[in-house]
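Should a chain be cited, it is by its letter among A, B, C, D, E and F, assigned in written order, with residues numbered from 1 in that chain.
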Amino acid sequence: MGSVGAKEVPVLLSPEGLRIDGRRLDELRPLRIQAGPLHQADGSAFVEWGANKVMAAVYGPREVHPRHLQQNNKAIIQCKYNMAAFSVDERKRPGLDRRSQEISKVIAEAFESVVFAEEFPRTSIDVYIEVLQANAGTRCAGVVAASVALADAGIPMVDLVPSVAVGKIAGQIALDLKKEEDNFGEADLPMALVPQSGRLVLMQMEGHMTPEELSRALDLGVVGCKSIYEKMKQALRDRYTVDAVAPGAA
Amino acid sequence: MGSVGAKEVPVLLSPEGLRIDGRRLDELRPLRIQAGPLHQADGSAFVEWGANKVMAAVYGPREVHPRHLQQNNKAIIQCKYNMAAFSVDERKRPGLDRRSQEISKVIAEAFESVVFAEEFPRTSIDVYIEVLQANAGTRCAGVVAASVALADAGIPMVDLVPSVAVGKIAGQIALDLKKEEDNFGEADLPMALVPQSGRLVLMQMEGHMTPEELSRALDLGVVGCKSIYEKMKQALRDRYTVDAVAPGAA
Amino acid sequence: MGSVGAKEVPVLLSPEGLRIDGRRLDELRPLRIQAGPLHQADGSAFVEWGANKVMAAVYGPREVHPRHLQQNNKAIIQCKYNMAAFSVDERKRPGLDRRSQEISKVIAEAFESVVFAEEFPRTSIDVYIEVLQANAGTRCAGVVAASVALADAGIPMVDLVPSVAVGKIAGQIALDLKKEEDNFGEADLPMALVPQSGRLVLMQMEGHMTPEELSRALDLGVVGCKSIYEKMKQALRDRYTVDAVAPGAA
Amino acid sequence: MTAEVTAEIRTAHILDLAGEGKRLDGRGPDEYRHIEVEPGFVTTADGSALVRIGDTAVLAGVKLELGKPFPDTPNAGVLTTNAELIPLSSPVFEPGPPQPGAIEVSRVVDRAIRAAEAIDLTRLCVTPGEKTWVCYVDLHVLDHSGNLIDAAMLAGVSALAHATVPAKRFGVAEADYPLDLQHVPVECTFVRLGDALVVDPTFSEEQAAQGRVTIATDETGRVVAMQKGLVGAFSPDDVREMVRRALVHGDRMRIAARGGTT
Amino acid sequence: MTAEVTAEIRTAHILDLAGEGKRLDGRGPDEYRHIEVEPGFVTTADGSALVRIGDTAVLAGVKLELGKPFPDTPNAGVLTTNAELIPLSSPVFEPGPPQPGAIEVSRVVDRAIRAAEAIDLTRLCVTPGEKTWVCYVDLHVLDHSGNLIDAAMLAGVSALAHATVPAKRFGVAEADYPLDLQHVPVECTFVRLGDALVVDPTFSEEQAAQGRVTIATDETGRVVAMQKGLVGAFSPDDVREMVRRALVHGDRMRIAARGGTT
Amino acid sequence: MTAEVTAEIRTAHILDLAGEGKRLDGRGPDEYRHIEVEPGFVTTADGSALVRIGDTAVLAGVKLELGKPFPDTPNAGVLTTNAELIPLSSPVFEPGPPQPGAIEVSRVVDRAIRAAEAIDLTRLCVTPGEKTWVCYVDLHVLDHSGNLIDAAMLAGVSALAHATVPAKRFGVAEADYPLDLQHVPVECTFVRLGDALVVDPTFSEEQAAQGRVTIATDETGRVVAMQKGLVGAFSPDDVREMVRRALVHGDRMRIAARGGTT
């Protein structure tokens, strides 16, 4: 959607209804989740999702810095989503940009909607998401990684929070867009869900959809999240059956 | 005065002694002051002065941030003068520049000279001045607006603080310069006065004047301030006789 | 060493074994140290060393800012090494760059290794080094100046800390490089020494040396430091025999 | 009684009222506040509008300057949206660099303008790959009495609707001409208060809210952007309901965007 | 006894003395401290001067580089004045970005240089609209024992008076040449202590002051800049008196500016 | 028991063990941890490597872009090394601008690459004075379990060893080609624990250390960079001993740099 005036537009959907990487419209990219790869963090997770590589770490509940943010009746959730300089085609200058700050905000609000924050008054639960290699859907991959890292850290929550983006490409609603689809598609709708209640705790959208398309996109996202949810639970089960290994070690 | 090497210099004074907008040398631009247009601030004022539009708001006395600035025996006055990006011909990048910081400092010092700060120890009185449309004399318009906002907030002061700039154009001392006069004139002397004592609490000057010219400029400024003072008092009287209306609503 | 691809390389050593300024390989540049030239600081020193001019000031032990850096069992040493905009050929933009921050860190660590910091718990000893005119070896000149300033401030220390750089030029180990030697030489090894113990508290190196050359460089630096040590002690003796004079007053 | 306690009591009261289908200021759950748009408020801008929604006031200014296109979109103009949540407008804003709240406002507005293709960016290009108009939309919040996003969006799109391209002043054409607005996106914001989804929240309602959803629509009936904010959760059916309601309010706001009162 | 109490007692004492026409360091109300100017102190600069006024010391360095003129003044050079109130020079200065005090010093000095037309900026232009000299005046405060503005101004103007345009080094002329100073502005600062207006305040007198006024004059007897600072108020007659006295002190400082002691 | 007390007890225990030639994790004083290098970990980079030294993990990414050479080295490419000590990797790192620790890591790595002439910078130049490759080495610390400098250096040099110059993508050659590594610098770090000089410290050993020395060597047996850090002191003989040991460990690391495990 950020490609007004760009030079060439690829064909996003074949006559057979297959996408540029051969997926069907309702098919997810390959997803691998590893719980607990890091040694210093209280909880961590590494997610490879299509060509995305995202690491998340959780520290806390711990003392609040800066102090004046402390709340007397609950923990605060602080989130920092960051992209490594080399994670994108054109090198990204290190440091927080506006996009990262906005994403950090909506992710923090999503987790505040599920964490039992009142159990840890006057503390901070710090969630760090590092995008090491990006290919569309990094905020969803970040939510999935951070959610598993929170569980790995033993933070009590209503439920895990699966997340996926639904989009519109070549006029069709499609699950889990990859980069070319995101760049040249008509809409992108990242969402994150609490499976227990079926409610959305993160939702953004950009592009254009009719109300009817949007309705179908929400339904497709719910289905996608359920499938991701299973993989998240499996990653946490694996954590305690195999030795934790570092990122990339298959 | 910032126009060394500029391309064209306009005629600032007609043979009849009239200025480019038809004013006499000792004539003010039209001035309209509205007290209390804002709903969140403890006090506020909107000033339209010639082609200037300036909004001021006052918050406090309230807790001091950052805390280490707190003074045990009095309130501190913090002032922030800021220009909106679109308030000038060439878009101004948002954020504090050095000019704004200097103006904020001298205005804060001016108000510290009249507010009974020792009545509110360990607090801050915060004065915000936003220039929405600029046409020379914005700091004076800001002082007038902030002064009315302080009164609107019920902050006890020795007196209101009228303010005006006196300048020198085409060799003559002139009251209340507009933009072309400021750019191509020979001197600019913004000042702010405590009418009760006749003393100046703000004074800056740039350009060149003989001591004799400067003396006359000071006298002309005092006269101008007195006329502005009357309009300030009227605005505060109007505040309690008509319903407060938002900026721009005539 | 920062001159890959530069235009011209000067001859650094004559056939007679003399350097571009006529010095022998083991000869120091002229060094003048003045203790106590400043009036506001608790201790100060001015060093002219070859074409370097460096001022140092010490404040403390005093309250720690920001407070959270305070340590309950000892003083912290904070160091700020800074170059004046006009101290180098191409104007340096004011503000901390990465080089200055690294140098500040290693100098602070050097002094923490000799100051009896546990005598002043919960305080800060602040060391400011200002390079006014630079010609290679400014960090060593800064250590010498700061060390004398610390003594001038009456801070108890194991010993003074002389400092000098040893380098390699035209294949030879040489003491106290000046700018052209630093730019076009093969290695630079700044060091600072505690004469009492013969141990190094600051050591950096860049370039290339065989282990054997490096060994000789260390020995030459120790000899250089001893000679500098004598001048440092003399400057402190002079402080109490002549009136303190301001920098540059011969 | 501390400010926190007061806020807690007010929140409880707001939630109680919402349970009965009522609101503190007497509005119904789907009732929007009075909207007022004053275009051309700032003459130093190339386009401007002062928008008031109830006691909330946002001033938008548009400036056009010549610059270089981005390398990956050589035929397109550049649009930059910036929101300043200045401390003049609310006791909750602090001086300093833009806070996440300000960044969210500017990015949500920016996305809606961009996704709706409100401006045909290719028409802003002067010389492909070399020279283009850079269009700055600066959103200056003056009075923060709730629902900043809708007010900022409406101010921004109104300022664009009344903007002039200063082509003569910059020496690239014989005369200035109006900036063409091909679509008119507006945002409509709801908050959850218990089971109720109320439109156009006041500042107090935002403090009490259990989640916020903003939906941007254009005049063709399409949804062009959405943003869930604050702590809280919404079912897909909630979203469908809010989309339906946002389309209705949107039409009213689009009339206001052209200037005037609704 | 805390530092605050000490300061209060000293302030009271300074005000008492002023009432009797006396000062803590024995000077009369219109007596300036010893001035010393050492031009050429820093050889890496294109011009420099170390100025001492009593125990106050400021080092100014001038650097000239080639750059682009501003679009609205294509025929003029660029002058940039920057003051660094480094923490080395006083316990009251903190590390970090320039504080309002430093910004005020640099802007007041800058205005006087500019308003007096000390440098003919049009002569700095090399190719109109394309290439010009950018003249940096960096003011480095070394010892803050009061009256920084006067010391910074004198250091700046002395450094300019002794500056060389490095035209040969930058390849735009056959030889370097002196920067021409067409006017010599200097600042003269007063503070109010009770009813007294005393010149050239020390740091303690500034702490005790009830207002400060700085007046810049040039060698033709014109006033070229003024700045009222600190908390306090002055009558127009006070200003007229200070202008008269500033002209007298200014002449003495202008002699010093050329190098030497007064 | 507070964290400080725990740390003090651990420090005392580490020093006691060191007195007996032992370490907390069972290693001998000159025993390095397990090293693992995974080149090509990030495909968006032009070169990358994930390095693990024990539980420490650093990811390096190399990016090449076209830019202008510095005016004083018109025939040379530009190399920029940047380390991010992100708070994800350790409880001791805080968000915000790079701290002195991060700056030290990046500068020490940068100096070794530069002094060893690992890359022939003149070969990066495309058009002298006009166009050159700018080579960014970004070091992203993922898990800080001690000895960041050695891990960052190894990651950086491995990423360079496997990097490709994207000459085709940037339109300056027919095909991309490998970045040529002419020397392979690696760092070897020691800390003093009492009288012992132990190699490759863990995080706890760094906390207990009485000084740290890092020595960079290349494959020709030369020392190319050194850095003493932390509070503590070393005799010249200590340095000579560490240089001798660093050369031995360096050879093993250079094998790992090409990819693989040691």
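Just so we're on the same page, a residue touches a chain if its C-beta (ideal position, glycine included) is under 8 Å from a C-beta of that chain, and two chains touch if they have at least 3 such contacts.
Just so you know, these numbers come straight off a predicted model, no measurement behind them.
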{"item": "Shortest contact path, chain D to chain E, counted in steps", "value": "2"}
{"item": "Fewest hops from chain E to chain F - one hop per pair of touching chains", "value": "2"}
{"item": "Pair with more cross-chain C-beta pairs in contact, given C-E and B-E", "value": "B-E"}
{"item": "Centroid distance [mean C-alpha coordinates] between chain E and chain A, Å", "value": "57"}
{"item": "Interchain centroid distance [CA atoms averaged], chain B/chain D, Å", "value": "31"}
{"item": "Approximate Å spacing (C-alpha centroids) for the pair chain D, chain F", "value": "48"}
{"item": "Chain centre separation in whole Å, for chain F relative to chain C (CA means)", "value": "26"}
{"item": "Contact graph of the chains (line, ring, star, complete, other)", "value": "ring"}
{"item": "Going from chain C towards chain F, every chain in order around the ring", "value": "C, F, A, D, B, E"}
{"item": "Sites on chain D touched by chain B in the complex", "value": "38, 41-45, 48, 50, 52, 55, 57, 59, 61-63, 65, 82, 84, 86-91, 94-95, 97, 136, 138, 140, 142-145, 203"}
{"item": "Parts of chain A lying in touch with chain D, wherever the complex brings them together", "value": "1-7, 98-99, 101-102, 104-106, 109, 112-113, 187, 189, 194, 197-211, 214-215, 218-219, 222"}
{"item": "Chain B partner contacts - residues on chain E that touch it in the complex", "value": "69, 72-76, 98, 100-101, 103-104, 106-107, 111, 114-117, 121-122, 125, 211, 213, 218, 221-236, 238-240, 243-244, 247"}
{"item": "Residues on chain B engaged by chain D in the complex (per definition of touch)", "value": "38-41, 51, 53, 55-57, 59, 62, 65, 80, 82, 84-91, 94-95, 126, 128-130, 132-135, 246-248"}
